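First comes the structure, then the notes that go with it.
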Amino acid sequence: MSTEARPLIIGSSPHIRVKQSVPDIMFHVALALLPVAAFAVWSFGLSALLLLLTTTAACVATEHTACLIARRSTTIRDWSVVVTGLILGLTLPPSTPLWMAVLGSIFGVSVTKSLFGGLGYNCFNPALVGRAFLQIAFPIPLTTWTPPDLPGRFSSLLPTTLTFPFLRADTAALADYIRTALASGGVDGWSGATPLSMWKFAEVPQFESLPRLFLGSIAGSTGETATWLIILCGLYLIARNMMNWRIPAGMLLGAFLLSGAFWLSDKTHYPSPMFMLFSGGLMFGALFMASDMVASPMTSAGVWIYGFFIGMVTVIIRIFGALPEGVMFAILLGNAVSPLITSATQPRTYGLVRQKRWIKQ
Amino acid sequence: MLISALSIAGGVMLLLGLLLAAVLAIANKKLYVYEDPRIDEVEAQLPSANCGACGFAGCRAFAEAVIRGEAAPGQCTASSADTVESIAAYLGVDAGVGEKRVARLACSGGDNVARRFAHYEGRYSCRAASLVAGGGKHCTFGCIGYGDCVAVCPFDALHMNEHMLPVVDEAKCTACGNCVVECPKHLFSIHPISHQLWVSCSTRLRGKDAKAACAVACIGCGLCAKAAPEAVSMDGNLPVVDYGKNEFAVREAIENCPSGAILWVERDGRRVLGVKAAAALEKVLNPPEAPLKKTSASEAEQKSEVSG
Amino acid sequence: MKSYVNSFPHGVHPPDCKYTADAVIETLPLPPEVTILLSQHIGAPAKALVAKKSKVMRGEPIAEAVGFVSVPMHAPIAGTVTAVDYALNPRGEMAQAIKIKIDPDADQEEIYGTPRDLASLTPDELIRAVQETGTVGLGGAAFPTHVKMKPPAGKSVDTLIVNGCECEPYLTTDFRIMVEESDKIITGIQLVMEAMGAKEAFIAIENNKPEALESMAKAIPAGAPISVRSLMTKYPQGAEKMLSRAVLHKDVPSGGLPSDIGVGCFNVATLLQLGQLLPKGQGLIERVITVSGGGVERPGNYRIPLGTPIRYIMEQVGIRPEARKIISGGPMMGMSLSSQDIPLTKGMSGLLVLTEEEMRDGGGTVYPCIKCARCVDACPIFLNPSLLGLLARKARYEEMAEEHHLNDCFECGCCTYVCPSNIPLVQYFRIAKAMNREREAAK
Amino acid sequence: MNPESLPSVFINACIVNNFVLSMFLGICPFLGVSNKKDTAVRMGIAVTFVMLVCSVCTYGINFVLDSVDAPYLKLICYIVVIASAVQLVEMVIKKYSPALFRALGIFLPLITTNCAILALAMFQTQKEYNFIQCIVYAVGAGAGYTLALIIMAGMREKLELADVPDVAQGAAITLILAGILSLAFMGFAGLGG
Amino acid sequence: MSVSETTPPVDQKKDNAGSLAMLRTLGAISFVSGILLSVVYQATFSRIQTNTEERIRSTVLELVPGSVIQKEFTFFSEASPDVPRTVYAGYDASGTFLGVALEAIDLGGYGGEIKLLYGYIPDEHKIVGTKVLLCKETPGLGDKIKTDEHFQKNFESLSVPLDDSRQHLLYPLKLVKAGAGGGPGQIEAISGATISSTAVVNGMKESTEVVLPLVHQHLQELKEQGK
Amino acid sequence: MSMEKKGPSSWDVFFAGFWRDNPVFVMLLGTCPTLAVTNSVINCFAMGVSTLFVLVMSGILISMLRNFIPKQVRIASFIVVIATFVTIVDYLIQSISLDLYDSLGAFIQLIVVNCIILGRAEAFASRNGVMRSVLDAIGMGIGFTIALLCLGVVREVLGNGTLLMNTPYEISLFGPRFEPWSVMILPPGGFFVLGVELLFFNWWRKRKEARALAQAKA
């Protein structure tokens, strides 16, 4: 009767489990984002640091509040919302006024995540929805860029960062600030554009040199510039089996092939595929946003299609659309169609003749 | 100018109107499908619970059946008497209200009297637990107590008492039968409230073994069958009430029951124990030694899924 | 199309934990009392032939098969029947059982049997002989072997797959018998091939068991149409459907049996028993099991009489106080037992006594599904366990079966094993299947 | 691209100025019928078909009314023709496919009051499209409507399995979903001229 | 719907009414509506006409600074002789010619047609403001072309000199991204409403290129008409 | 009240549409114009009044004609009646103010297909007398206007920082340095605002129900 004092445990099989849990995965994603964030702070200075801290804190606070309102136990400990906050911060321009960053965080997390039932049920990537919302709401401040490695970036904030809530970001003051700072470093002239918009809106298309794109000494969103670092951090996650490598692969391939086709048709007007891959937020989007497990399809084939779709839509928007950058919208569209892709690509069940499951009569 | 404009407008519209009316009229002749408008009316009055207690696939199917005369309005157990009356009046048929029927649980073994001997971990559900080594309750015939029946009751007529045993609120119960299907141990059945003598135990074990598992288990003594021989007979170790002879199922049958396995259900749903059984139970529940503790620590863990 | 040489797509690689691989099979002393459940197999429960106080001999039939899909029971010890009554079975139900108390004076060496000349028997007679031994699938399913040997009318079996994969972690029973008793297994294979008219047999062994591969290859007589196949080490390699894909590259049709594609699939332990029992005409009274896990003091492979209470086995091998869970079978598909009073049955291939650290199940917090698709990539039959799990949460059971092929799931546990959210998927599926069965029955 | 060219007309009607997501047309049926994928497909096909019929009818009506110089009758003629066409379609479906009728339920009559269809008639008149352009425009608009419906249905099927808070269930969450989708479609602005 | 409706008695015969009744009812209703609409149209027609004219008059007077009298001229350009080009000339009380208001139309807006008038002082070669007359653009976004101050500022004093041939503009109008303007003939778009801005500029470009030379051609005529 | 106990009283009919049976928030009718024209308050107002006019006029006519219209041509007849009044409104507005006409875009004509009007014609006017139909129409029209304004105020305030823009009474709420959220006047903003307002409406209703239940128990 020795064991009778402590009753045996009964439970359903299997009785053993892998050790990796959801918070582990999310924690490692956050960890992998840190080098990117560090590089962002290094190239854009205090403003970027403050921006990243603000978005992260605002996202965590929103999730916590939402849980309190819904009378659920708080879910901030699963790290997913930290990832959201970091990604949102990394996709915003460094000069984004903090109040806008807070608004985007609140909107993204509350509308996209909490209202849909929390982690795992969101149909869209919350960070992206927050970013897209800001992009549409405040098009001017969110397309105002700062050059990297400004002298004095660690001693002072960009003038727009601390804009009073709900007031207009003073982009003229920002331009003056940048001009002064650049002049003190012996550089004159600053076009105020990212490589993508230089290509798109300049009279004669201007293509940024690939090494500069790769190393990240360009203007852009805080975390999108250092392509090499993004690839490294992504590879870390892939190596730890915390990311589905097929999504970034499909997306890069899709973008590469389509832009390659355009490039071959007219090399002076269309940019080279490598320019497409390394400019803007494509790399960051491929490795950290499109690969968000929750909003991507679940089948291997579906994941390829999804990546391919996003890559191609990105290129289409970049080349033909009114906006210079399309990654964000392409991924949102990808998120939207991912349930359809999943159900359309469900592989044949073992031992079953494939049925027409798409439209039942 | 005015006149000609008027005549053009009037003419065009008249032509158009006539043309369309003609097309619709032809279509109406060729394509007409008659649908009894009363179906909608009856359906609108039904509670839209779609509980299926009437035996039809949802309220609309029931409405169609009522109109065809294949069902009586009273078969909808979820409707109030007024509604049934009103439907019957609308259709000019008999309401066909039967005696009120309710769900009854054939187990009294809450955690205060029935022992758990293994600790179940996993989804907090009877069905889930029952598939894992029977759920870990010593009496393998009795209620597991994780409240699946409560979860499926559409009328809020079931709740768990403090000993993890479901209690039927007979006022709210509409005999929809969801709990009957849901209970993995098949402890629920539907009975008219006139079936007042109730065997509230399902054990197949013999006296000693049954008693070891649960203090209110039937020990198969047969005293009830002796007290009401016409209505109660023994099937193995368990008494069975023959409700065909309900008039012989008298209250005296419960008085000698030593364990409380057979009891008397009042019209208002109260469950009454025999005197002897009540005394015996009192001894079990307030003994010199403390009653068994519930495994509350584990429940907190299992519930974490709901919140997590 | 990807070709999976000697394996199947998807599946998982749990740590193999085969601590008892080198432990030679030992025989435990006879227990003082045994409880023979009348239903230790799939099919109709056997009918008791003895009553209280009957004296029985070791190996004597004590219960007879009821119908074709049923097997008889034999007394594992010589002694006196103390009761024919309810006893707790591994599923946690009260079921009819015969309890026998050992007779200290009786001769436990002599075993009841009726030897016969197998060569003279027709296939049908051979199958009947198999039924009389009471043999069931000893891998864990406990499906009567003779039923499996007689494919439905119109179907014939030309290929035999002998399952020596033992893909479950911890278990080493099959491995030990393949090393120690390969000859008898071959005898069993030949008998079954003869009875079924099979032309070819493959012995499928995972490539992490080189000794077994070698031992079996050596035991095959020259010229016999039997060959050994080394398969990739992967769970659930030992499932019938996976085996037929890995060995023959054929799919068992959904809802069908291996015999639909001309395949018969038998566990090595079952064939060993046939090889051992048939020539002597004896009944199945004992089996080899692996007793392992952190809660056991002397893990090993033991030959134990059927009906021995778990409590007795635990006393013999020593159970540690930190033991928290006893599992019948392997950790991936085995059943946890609610009580040590449960007796050893024909279907138990191992007893795992796990400690808190070893089982990472139930204790973990359950998170919502994050659609990481690991379950989708693990499911060997290409279902979408995540979707099924979500549907089950909302109790949409019928939809699961009708639109998402729930009934093809054989509960291998891969999805649950890999799930980072600790969602009890397999449990959901069992509930769903049970509810569907019940709803079907209610109709 | 020339905004008058056929591919441009199609892309414009289908994606850039999607009737549902950027013009707010046909929202009621969009909210009502977008909960199951196969219903959504059927509804989309029904709408596209009706659009096509109405586009042709509108072209004819414009021709007639312009010739008798009664532009004030345009609106009433469009709507009456649409209403009758829909009712005819409804009757045909009810007669020949009761299952389909049940699936589309009360939303078939709602195609009548689907502003997308009347708007199509008005827009094509306003844009002075020729006959071929009208047809392409109608098909594009219908395809865009179907696309929005199917995407929405896919997401709502997924959402059915989620733990959406009580207060957000139903129309509220669907509208928010549509909002996000519309946000995503903003990315196509400027496409197709 | 929770408002309970009183039900008419079920009468199955009436339920499936005769074709004649259908013809009669729908025909009658249509006929009456046709008549009614015709009447309303006739009744409101002159009011609407006046409204439109008044609107143009006030706009012209607003666009041509200091003008109190407006007169309408129609010219035809040699390049496209079948398209009449309306020119609204503005004069002060004494009949002195001050400037013209010209029409620009483009179909490429978000909601289709955009129509606007712009003031032009031929002597100064300057555009002096615009007024949108017809705009079906997305309210709040595309219709910013009417209200956006920054955009309006583009046209407040836009120099549009003709080249030496007097047939073409020296600097054709050109749309540039918001904040990137400043050059001659450059017009900064409204950020977020590029399509509507493009439509406006396209319309004006077409109009200026054709009509401005015409105005100069007929300048004398215009000046004389005011006396 | 002298009304027989036949149904809800006239007052109930009148007030139901305001809030309890609000066509937008409860019945989810007329969502298209609700989303499309609510980016400024003045548009909401004009749309609301036009819809009210059409509702009342068609309500009168349909309830008068209800006994003469065969079931099969019901919808077609209703539509003709409604379309007539919409065209009338269209011309009336043009003759009153071209600016207002322009600001409402195509949506005046689309009142024809506003489901509220056909919905009320079907559900109420064709089953009730003239008086009650008019009351219902006015109630619904006002309810619709209230709902439009609920959206319009939020969208205009956030999206433009003003109230009553494009009118002589324009009020700038935050001063010239306000950064307008242009998303609010764009399509996504319409969806979001209506979604969030529905959410609050649901929450408010649930809370009211819960309170009523608690009171009933007490």
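First chain written, first letter: the chains are A, B, C, D, E and F, and each begins at residue 1.
What we mean here is this: a contact is a pair of C-beta atoms (placed from the backbone, for glycine too) under 8 Å apart; a residue touches a chain by one contact, two chains touch by 3 or more.
If you're wondering where the values come from, they're calculated on a predicted model, not measured in any experiment.
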Fill in the blank from the handout: Those chains that touch subunit E and also touch subunit A are B, D, F
Practice task
May I ask you to list the chain groups that still touch, directly or through other chains, once subunit F is left out?
Solution key: one piece
Exercise for the section: Quick one: point me to the chain whose Cα centre is farthest from that of subunit C. Expected result: E
Problem - Between A-B and B-D, the pair with more C-beta contacts - result: B-D
Handout entry: Centre distance in Å when subunit C and subunit F are each reduced to the mean of their C-alpha atoms
Key = 69
Problem - Whole-Å gap separating subunit C and subunit D, where each centre is the average of the chain's CA atoms - result: 59
Completion exercise
Taking each chain's mean CA coordinate, subunit D and subunit F are separated, in whole Å, by 22
Handout entry: Computed distance of Cα centres, subunit D from subunit A, in Å
Key = 33
Completion exercise
subunit A touches at least 2 other chains through residues 8-12, 111, 115, 117-118, 120-121, 133, 136, 139, 322
Problem - Touching two or more other chains - residues of subunit B - result: 5, 8-9, 12-13, 16-17, 20-21, 24-25, 28, 32, 117-118, 121-123, 128, 131-133, 136, 308
Completion exercise
Among subunit D residues, those touching two or more other chains are 70, 72-73, 76, 80, 84, 87, 123, 126, 161, 163, 168, 173, 176, 180, 183, 186, 189-190
Completion exercise
Counting only contacts in the complex, subunit B reaches subunit E at residues 2, 5-6, 8-14, 16-18, 20-22, 24-26, 28-29, 32, 34, 37-38, 41
Completion exercise
Seen from subunit F, its contact residues with subunit A in the complex are 174, 177-179, 181-184, 186, 188, 192, 199
Completion exercise
subunit A contacts subunit D in the complex at 70, 111-112, 114-118, 120-121, 123-124, 129, 132-133, 136, 313, 316-317, 320-323, 326, 328-330, 332-333, 335-337, 339-340, 343, 359-360
Fill in the blank from the handout: The answer for subunit D against subunit B in the complex is residues 64-65, 68-70, 72-73, 76-77, 80-81, 84, 87-88, 91-92, 94-95, 98
Exercise for the section: In the complex, go through subunit D and note every residue touching subunit A. Expected result: 37-38, 41, 150-151, 154-155, 157-159, 161-165, 168, 173, 176-177, 180-181, 183-192
